[in-house]
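What follows is a single structure, and I will ask about it in a moment.
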Amino acid sequence: MERTFMKGNEAIGEAAIRAGCRLYFGYPITPQNELLEYMAAHLPEAGGVFLQSESELAGISMLYGAVAAGKRAMISSSSPGISLMQEGLSFLASAELPGVIVNITRGGPGLGRITPAQSDYLQATKGGGHGDYNLIVLAPSSVQEMADLTTLAFELADKYRNPAMLLGDGIIGQMMETVTLPPAMDQGESKPWAATGCEGRERNLILSAPYTDQELMELNMRLQAKYARIKAAEQRAECEQMEDAEYGIVAFGISARLALAAVDDLRADGVKVGLIRPITLWPFPENAFRAYPKVRGYLVVEMNEGQMVQDVRLTVSDMVNGRVPGAAPTIRFLGHGGGYVPTATEIRERVMELARLLREAVGASEAVGAVRTASASGSVPAEGGRRTA
Amino acid sequence: MAATGTVIISTEYCKGCGLCVHACAHGALAMGRKINNAGYAVVELAAPEKCNGCTSCAVMCPEVALEIHRRG
Amino acid sequence: MTDKVVFRKPQCLTDKAFLYCPGCSHGIAHRLVAEAIDELGIRGRTVCVSSIGCSVRCWRNFDLDVVQGAHGRGLAVATGLKRALPDKVVFTYQGDGDLAAIGMAETVHAAARGEAITVIFVNNAVFGATGGQMAPTTLVGQKTTTYPKGRDPGHVGMPIKVSEMLAQLPATAYIAREALSSPKHVLAAKKAVRRAFEVQLAGGGFAMVELLAACPINLKLPPVDALKWVEENMVRYYPLGELKSPPAAPPARAAGGTGVGATGGEGAGGRTCAGGGCQ
Amino acid sequence: MKREYKIAGFGGQGILFLGQVLAYAGMQSGLESCWIPSYGPEMRGGTANCQVVLSDRRVRSPLVYNPDVALIFNKPSLERFSPDVKPGGIVVLVSDLIDTSPGRSDIAVYAVPAKSLADAAGEPATLNMVVAGALLAVDPLLRREDVEAAIWKVTPPHRQRMVAVNLRALDQGVDWVRAHPAEGTTGAENAANAAGAVGVVGMAKGAR
Amino acid sequence: MERTFMKGNEAIGEAAIRAGCRLYFGYPITPQNELLEYMAAHLPEAGGVFLQSESELAGISMLYGAVAAGKRAMISSSSPGISLMQEGLSFLASAELPGVIVNITRGGPGLGRITPAQSDYLQATKGGGHGDYNLIVLAPSSVQEMADLTTLAFELADKYRNPAMLLGDGIIGQMMETVTLPPAMDQGESKPWAATGCEGRERNLILSAPYTDQELMELNMRLQAKYARIKAAEQRAECEQMEDAEYGIVAFGISARLALAAVDDLRADGVKVGLIRPITLWPFPENAFRAYPKVRGYLVVEMNEGQMVQDVRLTVSDMVNGRVPGAAPTIRFLGHGGGYVPTATEIRERVMELARLLREAVGASEAVGAVRTASASGSVPAEGGRRTA
Amino acid sequence: MTDKVVFRKPQCLTDKAFLYCPGCSHGIAHRLVAEAIDELGIRGRTVCVSSIGCSVRCWRNFDLDVVQGAHGRGLAVATGLKRALPDKVVFTYQGDGDLAAIGMAETVHAAARGEAITVIFVNNAVFGATGGQMAPTTLVGQKTTTYPKGRDPGHVGMPIKVSEMLAQLPATAYIAREALSSPKHVLAAKKAVRRAFEVQLAGGGFAMVELLAACPINLKLPPVDALKWVEENMVRYYPLGELKSPPAAPPARAAGGTGVGATGGEGAGGRTCAGGGCQ
Amino acid sequence: MKREYKIAGFGGQGILFLGQVLAYAGMQSGLESCWIPSYGPEMRGGTANCQVVLSDRRVRSPLVYNPDVALIFNKPSLERFSPDVKPGGIVVLVSDLIDTSPGRSDIAVYAVPAKSLADAAGEPATLNMVVAGALLAVDPLLRREDVEAAIWKVTPPHRQRMVAVNLRALDQGVDWVRAHPAEGTTGAENAANAAGAVGVVGMAKGAR
Amino acid sequence: MAATGTVIISTEYCKGCGLCVHACAHGALAMGRKINNAGYAVVELAAPEKCNGCTSCAVMCPEVALEIHRRG
């Protein structure tokens, strides 16, 4: 196990090579070019193929071809380039092909800027392409995880024959940190379904469209059954100081680092707060929330206008059912789109505000029996807190 | 004129497009009246004696419905 | 007196009937590809990339490993495959809408990179699968559902001569155009298809055969007339023959072909069918 | 233990390199370390800055809003970043490129004529290493041997001949600070002195 | 007002021409080709420009150019083609350009089939492209609405300088119905912001990327403020027999027609059921739900694996807050992806099941004080009911 | 003795400084465009479509209505604009990555349709904005961040000669290539740029000027050496001159240009710079 | 009032046209009407079917699962759709193309030798209008003048000469049914009779 | 040699690229030591007497920082 100091983007590249990735396709776009360039420099050394594609559109189809051939392969881009891949992602999902896709998100919408952002959460998790499908979506929050989750992405992709996406942001891509690199693996199990020429076996077909209407229904059933399996087995989250927490911060990726700093500060002040950091964004780690039924309020922190908060609300609203009435946690949101990065101070203040609110609500409920009025606007980004300077 | 070739027609593949009839310079083929299960009127070797096995019909058949044998 | 089978269905076609309309040229094109693979004995190491068009389900008929990607991206998918499997034979089978409309960038770039892929380009001058809309290859004046008065070059330009365009790129190794309109032309096409595979087997670069084809249903012509239309109209605009052939290899046939070296440049013209007289 | 750095100046002054050297040296000495550049194409030849965090446990926020240490290479950066330095923190500034001061009395300011020193040594590109040396002299957190190892590591293979040059510059910085062990003064005074290429060093009390 | 009999796809075309649409771009794809071909035949007659684009990708950028020039313009496609437009849609949103986009959805994912489907709901409403943005999304459920909502799409797009999407499906596109066509309008108000050459005025800039990080934050704030205005003013839903309803069916587009048949049947059997049919999918018509606080259970019916049901759950979970505990409506889902079309019979059965469940739950709650356990799995497509024949 | 201003900043540039690196050719290209618009007096009816590349913010400098679309789609955006505003002058200003990599399909199709648009194609043989990756136009052996050992034609093919490719399309009206490498060449480029606008004004079709340009920062060369590199290396591979000019109009200048009629075909070759001797 | 139709046969038999004529005629007579084709490219030359709903109020489900009326042009369609016809419903089938019967006694089956009639008139393409005529004769919902207006409307402008031919075929259908006012029989018998080109007509009691 | 031309340098636009210096066949221009606000060393008309107003420098200036006047 090698300890070194690396850029996040490069750690993905190195981990991919060690995970047996043998083909990489990419088209330049900031802030992920270091990954492209790392692969350009190092993949050929490892006996792999680096090919700069003429576009993201071509690139995602090259990936489709390479993984159809049974190889571990990867593509990376940033937001606008990922949008161009949406048809291709839907095709990978329908053909059940295990490619790995990296999105080092930047500020949008449109051309936007190369500021860090987490505004592609919904695109990644709810299906930016057409049809009912899901990518496995992993969200690293350190350079170490850039490496570790890359390895995991290749493994899960192969295990489920499903495309897997690594969703990072500009900061984490550009950042250097100490990292322990995983050992080199082989290319995963051989893939009997791959299209490699049918010598000595039945022919293999990699199809995106089934032949009959009924088969398309069946494909969808098969996919949904697979997604249910993935949901059951692959939820991942890191929970920090949640055991006794009254309040939980929910944040992924780089936001979670800032949230953790806020947790430290708040704990120092005696506030019982913890952090739930989803690592798998899809499947969303619902179980992590279920494990802490005593949490009275959540603050969701994102570098967007309120995306993951929808999944938190869906998860929590599920929990409400069947519970003692009146115990549903309040959900508040802190975040903005276009390059906003929360500060630990802001997060701390918003948690205190939440705590105050809930104290008052308890008082009020004792008086009039009504609770949680304050959380009704959970989906609407709260006023204030926007860092425009 | 003695036939030096013959055509075996897979009638279930034939779609009655008539390209083989047109391709046969010897007038050996003709569209028939028989309708196959797919609903198409299929071709017939109407004048077997005229066939010299030149394969022109088969070369043009989009359904690969024709097999050609040659004698001699 | 012996009885010899002089023509039979190639082995690498399955038993399934084609799904094409009566008289559609896709069937002939499929057969030529299958014959070339049979003759070269490469079935076990060949992968087909289908396009999205009427031939989207060619996997039913080609008894091969087949990969079906997105519309227009056949050459990108094939690039991924071939780079992953440099020792295997990879070919795309693409329609003119697929290859030359939505797929133009992938086509030009795969050709420019000289991907060692064989391309079977079935140009029927129309979007068949979607019901007869204009293609980049639709002839001037040809009526389609999107230009019901016929293609007007003042509005949408002249049909694109894809083969000429790609022949100009230095990294293309073999570019030929034939018509599936008469036995004579089909036999020429057969040679060209085979040659396009041979070039790949010889380690050459990008090899493409453009096959002028009929879509009777959308031409709204009986099959025989549709092929006549191909010969009288398409062949006039799209001259036949080899536009480019690897200099080292012997010219595949005498007529028309002009080898163009690695520096690029358009082939010198090729044959033009004498307007239906070939039949 | 946590030490947060901000390093800022013009593009081309070796800002990012210097940051990486500090980060790498931190890792050499067993700390967790984290470095973030200002990234992006817009500011070609414009300003450049980076932030470094060293910590004895997993780094929380990699973003530095209130550095313990600021290494400042031009005037706009001084104006932008020096107000955010933690009380008791350190500013090292390149005195011969900056004619103002942070104007704070709660931090230690070291005005080092690094440009003159580097130029005098015939290696203008080592400006950043002179500053690194100055820091070494005033903040004992990082050891010289770790910084030396870091320089070896961060320098790309084809430029390894620069290592020796950089190490010499490092020592120049150390030496100059040791040779000017004056008390901390305000930046304005430093700047005035720097104009005459004579720096005044303030030894911070609070900075460890 | 002209009464005629038309295909849904053609009704869109005719209504667009009458709404002053003067440029149309499109690339063939089933099942929307009739619209493309209608425009080909009729737009030039109306003095407009029909141009078949070389791809959907080019088409969406042609639309961008045409609307940047201040003209009313439209593009149409079906699922895979719409996926290809995701980058372009994000660009239209960021540049605040009012194009109209039509998606006559087909069965997915991937190449799929031309079977009818509603599987692009999430893509349309949650942002299939990158960044925080929203399209206005309208869902016609009859040929009449194909015409009416086309008119509305042009109006709302112009009013808010925001792209607007019409989300239909294969059935409604292919279907012919009696329709009363809207009268011809002019091209909407003139657009002082359009890029037409700067003669006699300050120059106009149509930008997708702001110049500074701060301006990108400001763009996002402006967009969010606009979206809030649209949410406040433009929610539209049709509520049938909801006044006294104990149960509500929620369905959009063609599914709502089948749901309405089921409502008729159920009402005939004395079941107090109504229908909420969202017409604006974005903004989601939350107010419609708020208007009927007495509904005890909702059955959401979609031709997908459960997409709009997420918005129903988010809406209802908002309503739970501040309510008398125990009164949150139960939500169940009926639907599948890939070409499934629900039958009125199935819907009826599922409503009866829901009613039974709630009757039992009330009994149970009287006994043990626990309610709504059954609704916890609201997001998971229920077993059974899949039509595979 | 009079004092005459013989060179000044064109009116249709704003006061803002360019955002380009020292010695970057974009500044010269911008000025040439601005001069042509000034001279033709068309500022008030001209719309610029910018590309995504270093020139993404050319709106800061062109004092015109400017539309900024997605990367590579400049010619599709311009098509929408020009079809909406047939009486206005529409031009795109595009880099080689934008126009020839991701935008290849839009470029070829706009040219094939003969859109009446003027294209200013700034070919600096590299992706400038993203930090120096290989472009389709990168020369053989040229080192980039994605091919640090230099472009290997065996791996990615030869650089694409976009102008030659488009000149072959019948609907292109004017195609020329010049270099921004020395005063003499810049003056030739100035004429070509103006001509490309004149063709549009005269109601002609697609008009493109390819400007060979230097990206010193990514070439890692001082500006003067970068221009020398353009002259010594780029001009050798990309010959200068008019590749195609409307037959009716007088040739814009004597040297090199060959008018190619509406039937297409490659221009006869053009001038090649004598390897730096032009300076 | 609601009437649901299913019309099914091979592509090329004018199935969709016939459906449109019924739908349009319904609209002419003041009803809401709705028509849905089987759409898609796969089945070129294969089967074609469409469904029509006429109603005196806004049409709920436009999809027809249990038609009141089925007009059947080939055997596969008979097998597929006749079991779904509502009890008391009507089936008109082209007896000279179908050699089996629905085998149901709860519906009225009209086996019309429409192909022979159309061929005999020298207009094989009017097969569908003969069937329409037969329907007109047995189901009074649609009036002849509305169907006539519908034919005018649905026929594309460049084929208007076909209108007269179609109207003649319509009358052929009406006449033939009127001339064969026999009671409803099973399809098998119809088929047997049809072989001899003599149809037997069943007058449905339940169908309005 | 009397100057027949002169160059007006907008020093705040100049980025010190040196292309004008290289373009001037008459050696009238040279890189100066002055640093402008953007941090660039700007060009100077070092030998004004050598300038004949030929505009070559301005033609090559990527910043359009030069205006040329000609006398006579």
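So that you can tell them apart, the chains are marked A, B, C, D, E, F, G and H in the order they are listed, and the count of residues begins at 1 in each.
Throughout what follows, a residue touches a chain if its C-beta (ideal position, glycine included) is under 8 Å from a C-beta of that chain, and two chains touch if they have at least 3 such contacts.
Source: prediction; values computed, not measured.
Common neighbours of subunit E and subunit H under the contact rule above are F.
Annotation: E-F is the more contact-rich of the chain pairs B-C and E-F, by number of C-beta pairs in contact. Between subunit E and subunit G, the centres computed from C-alpha atoms are 36 Å apart. The mean-CA centres of subunit A and subunit C are about 43 angstrom from one another, to the nearest whole unit. Note on chain placement: the centre of subunit A and the centre of subunit E lie 27 Å apart, centres being C-alpha means.
Chain centres here are Cα means. That of subunit F falls 65 Å from that of subunit G. With touch defined as above, subunit H holds no residue shared between interfaces to two or more other chains.
Within subunit C, the positions touching two or more other chains are listed as 21-22, 56, 68, 70, 101-102, 104-105, 109, 129-131, 136, 155-156. Looking at subunit D, residues 41, 45 sit in touch with two or more other chains.
Across the complex, subunit E is touched by residues 52, 56, 68, 70-72, 97, 101-102, 104, 127, 129-131, 133-134, 136, 145-148, 155-156 of subunit C.
Those residues of subunit C lying in contact with subunit F across their complex are 101-105, 108-109, 112-114, 136, 153-158, 160-161, 164-165, 168-171, 264-266.
For subunit C in complex with subunit B, the touching residues are 1-10, 13, 17-18, 20-28, 30-31, 182-183, 186-187, 216, 222-224, 227, 279.
Interface residues of subunit F facing subunit E in the complex, by the touch rule stated above, are 43-47, 49, 56-57, 59-60, 63-70, 73, 76-85, 88-89, 105-106, 109. Those residues of subunit A lying in contact with subunit F across their complex are 27-30, 33, 36-37, 40-41, 50-52, 54-57, 80, 111.
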